[in-house]
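The two complexes that follow have subunit A in common; it is paired with subunit B in the first and with subunit C in the second.
Coming up: the complex of A and B.
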């Protein structure tokens, strides 16, 4: 097994980047949904909620089909690279990030919009107020996406391949060590995964609360 | 609004830190300093990966030829490994499932470059052997005995169920025995790799079919407490490892075909010595017995 530190750092940047991509997409999605007609928004939000539980193996297969030599994105040559995992994991993280964010934006908007109208604020100003109101939820949205991305196996294994020294991340290392009967190493990688997710979640949540209180 | 911007900037900085740390750590290794080597994807059956034979062969090949090539090794069951080859997702492949290989050979999606090693499958089971497998005349007879004991509630059998080389062989044996165990309460399908299936059989005191490489590596780690080898059958249980190149469009570059030919040549010469010297308990070099091994491959490939 390659060094645990290398695997951990690789996991962090891949899943961190993937959940950042999906967070930005979720931000755009939830603000535009909050402005859309309520009936339309409800349908889309319901659809997103139903996607939260899609097995990551399915998304892994989908990513594979996009990137493999006969797939539509084959010319990019991304299969079995870290970027393939970034693409797949941002698809994995998007629904849950968007669902969390949309609920919060909608709630905050309904509280603030009358006030904003009476003050004659532009929509840009309105969204500024909403964004400040929901700072803790912005962090939560990013974090749920991050923990879903870093903890998923399907994409990393099918589109990433778990290649030693290249695309092997925490979850594929667990799967690989398990598949060769090396349960001891597998469990120690698992403990690293759990403690990292917990630490990052705690740190970012505290940071979010602080920024929100001081604003 | 400005606070939201600060939040985003902080997040981005946080991530950039991780990415930077990763890039720095990989840039500081000596290989990062040279020109990036070409990367070739190799799909392999897990037994070659687990015993480190493939790693050793590829490293020795690089030493011998001095080529700056990086192999991305995907450890999969033979069924998946062959699928990846025919997709062109992997260009080179090492597998041990003759009847599956034949299908892909016939539709032209892969080309065989070498039969480089063989060993055997063995039937393992609990020491007290309730089905009497150790007295069986052949592997087919052993499977009949397991079936009967299973029906009487005396024995269990764990199947891989993952379309791997070992699983395919197991299904061939049931077919030769004229029996169909699927759906029986004593016939457990693990759907997992060989090591996990062996550990499962060990915990359940059940029978299973395994390649000797994986079994040996678990035994030497002291992880097997109940299972013993009960039957060998050189004729029906020979396990042949072959090397393939994908004929998919994405693998037709001159670099890949040259590399494939060089690797095949290596496997048939220096690689044979490495197998014979370093892995003599686990694998046999195929070249010294090529006619026997090849005819075994042909016979096995015809068993649907």
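Coming up: the complex of A and C.
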């Protein structure tokens, strides 16, 4: 097995980047939905909620179909590269990040818009103010996306291939070590995965709460 | 500035009317009292007069223009002449000072000198660095009122501005509103009828069950 540190660092950058991409997309989606007609927004939000539970193997398959030699994104030559995992994990994390953000953005935008209207403003310029109002939810949204991304196996295995030294991440390492009966290593990698997720969640939560308290 | 309401009705649920066939005019500076029991339609009326709420029926005419049938640009220009202050203050996360700066940031039309004067009058210096969630109901109301009154406008619609204020702040606010009403139209909804308020009113609008009595 390659060094645990290498696998961990690779997992961190791939899932960190994927959850960042999904977080930015979720933010844009939440703001668009919050401005949309409520009936339309509720339908889209309901659809997103239903996507939260989609198995990651299905999203892995979808990513594979996009990138495989006859897929629409084949010219990019990304299949079985870390970038394939980034794309797939972004899709995995997007629904959960968006679901967390949407209701918070909608509630806050409604309050800030009401205030702006009462002071004579008719539109625009509220993004920064709303974002400041929901700082803890921004952290939570990124965190849940990151947790889902770093803990998923389907995409990493199907679109990444679990290639040692290249696309092998913590979850594929666990699967690989278990399949060859190397249970001690599999357990070690599992413990690292749990520790990392817990530590990052704790650190970001603490940071979010500090910002919340200081404002 | 003149605001005329013609046959204005409003319903929130499509069945019951909060306001029904209301007609009134706000003709220039002065203190306009909107009085009536709870649920009589005072808040709805103030929101409609200040262009914060589009009535279900009827017209709101501002300086001869049918406000809700103007272009987006014209409406924005008209809207910038009104300020509405909520009964329940809307304060954002952050200090009272941050919330006061919101007036300028959101409207772009703040009279800084008047704001300083209001802070002095209401002895609100000690509140400036307090977080909004740490303010009492009365302090939050003061912060919200100072923010609203410092925005430059022609019409100020204040929804229950005396609620949660102690007697000394009620007197101070009365004095401020009297002074402001010399040059601006100030609409005040209230179910407390202070003598000083009644004496200073240019017009008193009595609402009962959504109709002018």
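Methods note: the second predicted complex is superposed on the first by the 209 of 215 C-alpha atoms of A that agree within 3 Å, B and C clash if a C-alpha of one lies under 4 Å from a C-alpha of the other, contacts with A are read in each partner's own complex, and residues count from 1 in each chain.
By our rule, contacts are C-beta pairs under 8 Å (C-beta built on N, C-alpha and C of every residue); 3 or more make two chains touch, one makes a residue touch a chain.
Being a predicted model, the structure only gives us computed values, none of them experimental.
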| item | value |
| --- | --- |
| First (subunit B), second (subunit C), both or neither touched by A:145 | neither |
| Partner chain in contact with A:133 - subunit B first, subunit C second, else both or neither | second |
| Contacts of A:121 with subunit B and subunit C, given as first, second, both or neither | second |
| Subunit B versus subunit C as contact partner of A:207, first or second or both or neither | first |
| First, second, both or neither for A:60, with subunit B first and subunit C second | neither |
| Which superposed partner A:112 touches (first subunit B, second subunit C, both, neither) | second |
| Subunit B/subunit C common contact set on subunit A | 125, 132, 215 |
| Subunit A residues within the subunit C interface of the complex | 111-112, 114-123, 125, 129, 132-133, 212, 215 |
| Subunit B-facing residues of subunit A, complex | 5-6, 9-10, 12-13, 16-17, 20, 23, 64, 68-70, 74, 79-80, 124-125, 127-128, 131-132, 135, 138-139, 142, 161-164, 166-167, 176, 178-182, 204, 207-208, 211, 215 |
| Sites on subunit B touched by subunit A in the complex | 1, 3-4, 6-7, 10-12, 14-15, 18-19, 21-22, 25, 39, 41, 46, 49-50, 72-75, 87-89, 192-193, 195-196, 198-199, 214, 217-218, 221, 223, 248-250 |
| Subunit A-facing residues of subunit C, complex | 50, 52, 72, 75-76, 79-86, 90, 92-94, 102-103, 105-109, 131, 147-148, 151, 153 |
